[in-house]
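Both of the next two complexes hold chain A, though its partner changes from chain B to chain C.
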Partner chain A sequence: MSVKDKVAVIGVGYTRFGEHWEKDAEDLLIEAVYEALEDAGVTLQDVQAGWVGIFYDFTGCGGSTVSDILKWFGRPITRVENYCASGMDAFRNACFAVASGAYDVVLACGVEKILDQGSRGLPGIGEIGHPVYGSVSAPGMFALAATRCFHVHGWTREDLALVAVKNHRHGAAHPKAHFRREITVEDALRAPMIAYPLGRYDCCAVSDGAAALILARPEVARTCRHKDDYVLVKANALSVHTMLPMYQPGFDYLGWPATRDAARMAYAEAGIRNPREEISFAEVHDCFTITEILNYEDLGFCEKGEGVRFLREGIPYIDGKLPVNPSGGLKCFGHPIGATGCRMLVEVTKQLQGRADGLQVRDPRLGLAHNLGGAGTTASVTILGRRD
Partner chain B sequence: MSVKDKVAVIGVGYTRFGEHWEKDAEDLLIEAVYEALEDAGVTLQDVQAGWVGIFYDFTGCGGSTVSDILKWFGRPITRVENYCASGMDAFRNACFAVASGAYDVVLACGVEKILDQGSRGLPGIGEIGHPVYGSVSAPGMFALAATRCFHVHGWTREDLALVAVKNHRHGAAHPKAHFRREITVEDALRAPMIAYPLGRYDCCAVSDGAAALILARPEVARTCRHKDDYVLVKANALSVHTMLPMYQPGFDYLGWPATRDAARMAYAEAGIRNPREEISFAEVHDCFTITEILNYEDLGFCEKGEGVRFLREGIPYIDGKLPVNPSGGLKCFGHPIGATGCRMLVEVTKQLQGRADGLQVRDPRLGLAHNLGGAGTTASVTILGRRD
Partner chain C sequence: MPVIVSCGTYIPYGRLPRETIGRSWSIPSAPGERAVAGPDEDSVTMAVEAGLNALADADPAAVDGLFFATTTAPYRQKQCATTVAAALDLRPDILTADFTDGLRAGLCALRSACDAVVAGTARSVLVVAADCRPAEPETQAEQVFGDAAAAVLVAREGSGAEVQGSFSVAGEFVGPWRTERDRFLKSFDARFELNYGYVRNMVAAVTGLLERYGVKPEDLHRAVLAAPDLRGGMEVVRRLRIDPRRTAVQDPLLAGVGDTGAAQPLLLFAAALEEARPGERMLLAGWGEGGDAFLLEVTGKVGCGRSVQHYLRTRKVLASYNAYLKARDLFRREPYVPKSSPVIYWRDRRDLLNFYGLRCRNCGTVQYPSGRACFACGAKDRGEPVRLARRGRVFTFTLDHLVYGDYSDIPVPRLVVELEGGGRVFLEGTDCDPEEIRIDMPVELVLRIVHRGAGFNNYYWKCRPVREGGVS
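Showing the complex of A and B:
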């Protein structure tokens, strides 16, 4: 019941994330994919199949537009959509295909161009909603968890601000981040309110970007450019819960079952008994500061209710025991939905290879990437490890 | 490089296709999935992961709505989108996951509810198009191939009508078809013109429906209800070409490279040297009558330019040497996009088991299913075979 050690990451690439008014989704995807191909030392002709994570139809890319964009005709290309986990689920399906023996070398990528989403006359975020439940803003949904945690755990807006301060400190050093400056707790607290208690620095931005990974069977990886430092997939889990868990009776607003389930499955697959000791670092879904704190708990990095203490003890900082979002996270990169999961996996790969573009984690062995999508609906947890 | 014989189909189910004004996509999916579960003799709790093919966002189902619809929480569910091949590509990805060893039992399904697509205030078909190429009607696109074939091969509207007559003859016997009556060549020729030379009977309808398959590792299949007659996946190919091949310089309008590539890959995977002799029957993508004729050629059932002769010789009829669309095809079922590929695979499975719901093909051993999506952009070819 596992793809553990059956799939290698042999090349990665990604664009700078941010505002790209002069580029289209097509341009971004080309940039990311060709950087990954060059990193892997293979050509597009060596790649046998592709998966692309895209959330919004209207960003203009499906499987067949990927074919057009890359001038890569005749191969199988699949579009995967799974809310904010679209990119990581594209990677997951690519892994299955390699592990099944169907292909030797494949592409997993994600892209989203949302900043100018209205320019094509196609529907915007506000027009997309569930036919029954309707549409709720993301800050509004996650604010419910924050106020509940304030009530139950006694957390404060200052606790949330610490996440923003940490991630901006990390991201300030990353050449591909959208926001590259440090902020203070005061900056966060003084920022305009978006949905109480979430202010502007508690929310990730809407940015554009693309990311790509080349995967191969380990036997093939051993003949490629990164033959000495390719990275192995250790686990690949996805859990999908109800579309709007926050509206379900019994939901406690103190975490997300989808993340807990995906983490449990991933640790079982990777043979990890104690994630606090065994996971070297993690890129987690910090769409909002409250999300990151609850992710610590849901991923088993600390006990329930201990997320803020975990943060205040300095554990998730770059020089802490378990760095979380050493890249700067969604806080600094924004969240081009289909691209985010793949970007995290690019970061984890480069950290494990000791060539992080931002701050380097010290001697990591196992890195975790996590996406949370919808209203806490769907969660992906992928664990990568060094080949040795 | 193959999933051949690594995946078994252990249960299938599907709704009646047609007008379902009293049902929603949710109702259709539940009906199809529960029929498949009952057929397999397993419960939803036995199923470890799911894939769903849906083309239109606005039909109201994504991976997580599938979770809600089935009250099936915490499992991994992935939405796959690949134009008209969305359902068959969902099946393909499910196959990879089983063949990889990640899961023992999974669900592949597809659904689309388009007849009342405008009722939710979300964008209709006419509003969806490529940002660069714009939008073209499907009959308009396929009419170009028909007129070209008339010019090059001397085919006529009567030749096209023969496809409609054949498929209506087959579909008249199928309890789940949308249109269940035979027609004559005169009926077809006298019908209103849609896009010259394609009249109403040359075009498939927009219908609603859902279909589902339960897949398992063969070791597991041998312990299930269909242990003596489960069906094996022999090949699973997908090819994606340019988004609008018909607008490319050099396109000859006499067939689709995506189908030819997918067929070549599928035959190689299944070890088929001579499809005309080895394939027992096929469900092919007859979105338009001209498409079916060109599919004969692209799938290697006859030589290029010989499609009409193949048809006039009676070969693709139910009692012919290589029955094509014994179910009645898209002509009689309509084309609820995400559902169609899965429906074809349900039909092929039941034919191979000798329990077709419509006309039964005599003693089939290998059955082929084929989707063509977009403007001939993407093609899927799946080959299933009897376990013995």
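Showing the complex of A and C:
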């Protein structure tokens, strides 16, 4: 079943992303959900079902995380966990519920409260999976791709640094970003190493945050506050590959097949033939700088091996032909896992409505959001468009 | 007559100059350097590498027994020979045994192996001795001790070093010793222990041997005598009336390796065999609470995988005394307890220790870890077990600073390795300078302790650069 034009985003809300020492998951989720409800002009009682993206069980388990926080009882609420793509997968499930006609108005949200754990990097990553086979940090998983790309394509740490410089330039203008400071290539190269060849500025930060979207059938959207500028879901795809690419025979580490597959499905659903020409802008999963460059290729914005050239030609900058991460991306927002996918969709919605909180993309028609999880394991691609 | 058909040794990569120790404590230092096992090594992992060398040209499936000898068994209760046997991929229907606690462990194991092949209960037995004895800081022992392993494959027939006779004496003696509660070896009086524990027992064992077989000292072409220190060793030679001009006396390797405890007699024996020629008559003797002596004749070449000379050359000098403290866990840090499961360790033992993967009967792809469905074609339950190569090349890597666990060296190299003959694995690098790692670099696998979660040793494979052109 295609969801194209069957689901409208009628309200969005999100917290500032960053270090929320004085707030817990309850504060963050309440803030995001009530902002979305107010934006939609509906009450919690109008919402019939909910999906929430949460990765860590210390943030919350089960649907009761949402029901207990909102004191919103008796509804069908599901927690969705799919690595770092948990947030966008929650949205995807919510879309199907509306497109199928099962519900008129639903909630998709994501939240993560990580900093309370006192961890360097993502907490507990070393505990996931088999107790003997080698574990690796999240930066390490993606560093394996960077090392290989350096070898095959001749890319350098300077090339990666350009992604950080671009996204920090974009994010500096965003009031809800964790980091709002421009950096230079030298800053990035001088920073401490996290997992060679990725230094501190090649990695997104660990942050807290929440984001929420209210979805409705288009007929309902036409009676709501954003009846003139609601946003329509054009496509919505998820692809799951392996969490163990390091063991996969023949895996080339030059990109992520999950992203390629999700993009192919999403473009087919939206009727997009030439993404580079037809997509107005994209919020992509720049957990690490190398990931963003590989995303350009995997999403079909450029050919394989051309990611660095695409970047150096200025195309993904805010004033370029295809702005990528106009919000500043994960580089500036950090990555509260379950919240990130929903935060991207909030950003894409507001850009399409011409009310971006940060830098506004000029006259966008189709916006793409891309959420990647695991070791490039799980990719979700969502395309939103203006209602006209 | 039992024949030692091959031998193998292992000396860890790290070496600590004794001068570094002396300077750290402002005390006099002995000359030379000592071998230091890395933070991921113990007697078991060292035994595995020595055993692999001894089996370099042998079929592991033809080995009928494995005896592991050490004074530093990692467990109070739990046999370690089984871990070594699994990593060497020996058959399960064999006799495995640990010989522990005394310095005689190595030669007692050799004697038992000889008896077994003579009795006909085994065609061949692998004896592996390894020791990494913790020495109390600021003592002589800290400077003198060294870590190493050695192995010999004893067969019922074949050419090599024929064991023509043996002689043992039991001599009750207290010192040096270590009780269950002691972390470090205790000593009452070093002079007393050297004269009455070492010299007297060595002389008794060798004299008994020579008398029993009617051999005179001057009939010996080569003598391999365990020695806790150089002067003591020379005293034994003098008392036995061995003339070093007629009989080649094996250098006890104290200057370059150290006193390697229960591993010492077999380590020195392996070093001597590298120089011995067919027709030579050899003496091998060791001590402890008593002594053991063997009379051997070289009848042919004894294979050794990588040589003692290779390991003596392949070394890295530790940057500081503190690096040694970290390597041997001699100072206490906040413990990190990773997830660990004896259940999973047992269930996956074929993959983890024997190092098997699966070759798909449908598409031929070799996958690791073993999974029910093929990683390449998805076919269910079509894999047949294959023992994976312990050599390969780096496909890609990272040097991870963001590590979880009790690492003394950061960054931790993590390497995706393409194994020779198929299979792709993800391993930690060890015994290397992270800066030297490159894509396509040849690496070889070594068994190490990857962590000690839940209080037991998780032995698994790591990899290190292949040095000096591979197996000699």
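Criterion: the second predicted complex is superposed on the first by the 369 of 388 C-alpha atoms of A that agree within 3 Å, B and C clash if a C-alpha of one lies under 4 Å from a C-alpha of the other, contacts with A are read in each partner's own complex, and residues count from 1 in each chain.
One rule holds in what follows: a residue touches a chain if its C-beta (ideal position, glycine included) is under 8 Å from a C-beta of that chain, and two chains touch if they have at least 3 such contacts.
The shown structure was predicted, so the numbers you read here are calculated from the model rather than taken from an experiment.
Of the two partner chains placed around the shared chain by superposition, chain C is the only one that A:Ser137 touches, whereas chain B remains out of contact.
In the superposed model, A:Tyr253 lies in contact with chain C only, and not with chain B.
By the document's definition of touching, of the two partners only chain B reaches A:Leu238; chain C does not.
When the two complexes are overlaid on their common chain A, residue A:Met193 makes contact with chain C while staying clear of chain B.
Touching more residues of chain A than its counterpart among chain B and chain C is B. In the superposition on chain A, chain A positions 120, 127, 130-131, 242 are in contact with chain B in one complex as well as with chain C in the other.
On the chain B side of its complex with chain A, the touching residues are 1-3, 6, 49, 57, 60, 62-68, 73-83, 89, 92-93, 95-104, 120, 122-123, 127-128, 130-131, 236-243, 257-258, 261, 373-374, 377-378. On the chain A side of its complex with chain C, the touching residues are 120-121, 125-127, 130-140, 143-148, 151, 192-198, 242, 244, 246-251, 253.
The residues of chain C lying in touch with chain A in their complex are 338-341, 344-345, 348, 352, 365-369, 375-376, 395-405, 411, 414, 416, 422-428, 434, 439, 450, 453, 458, 460.
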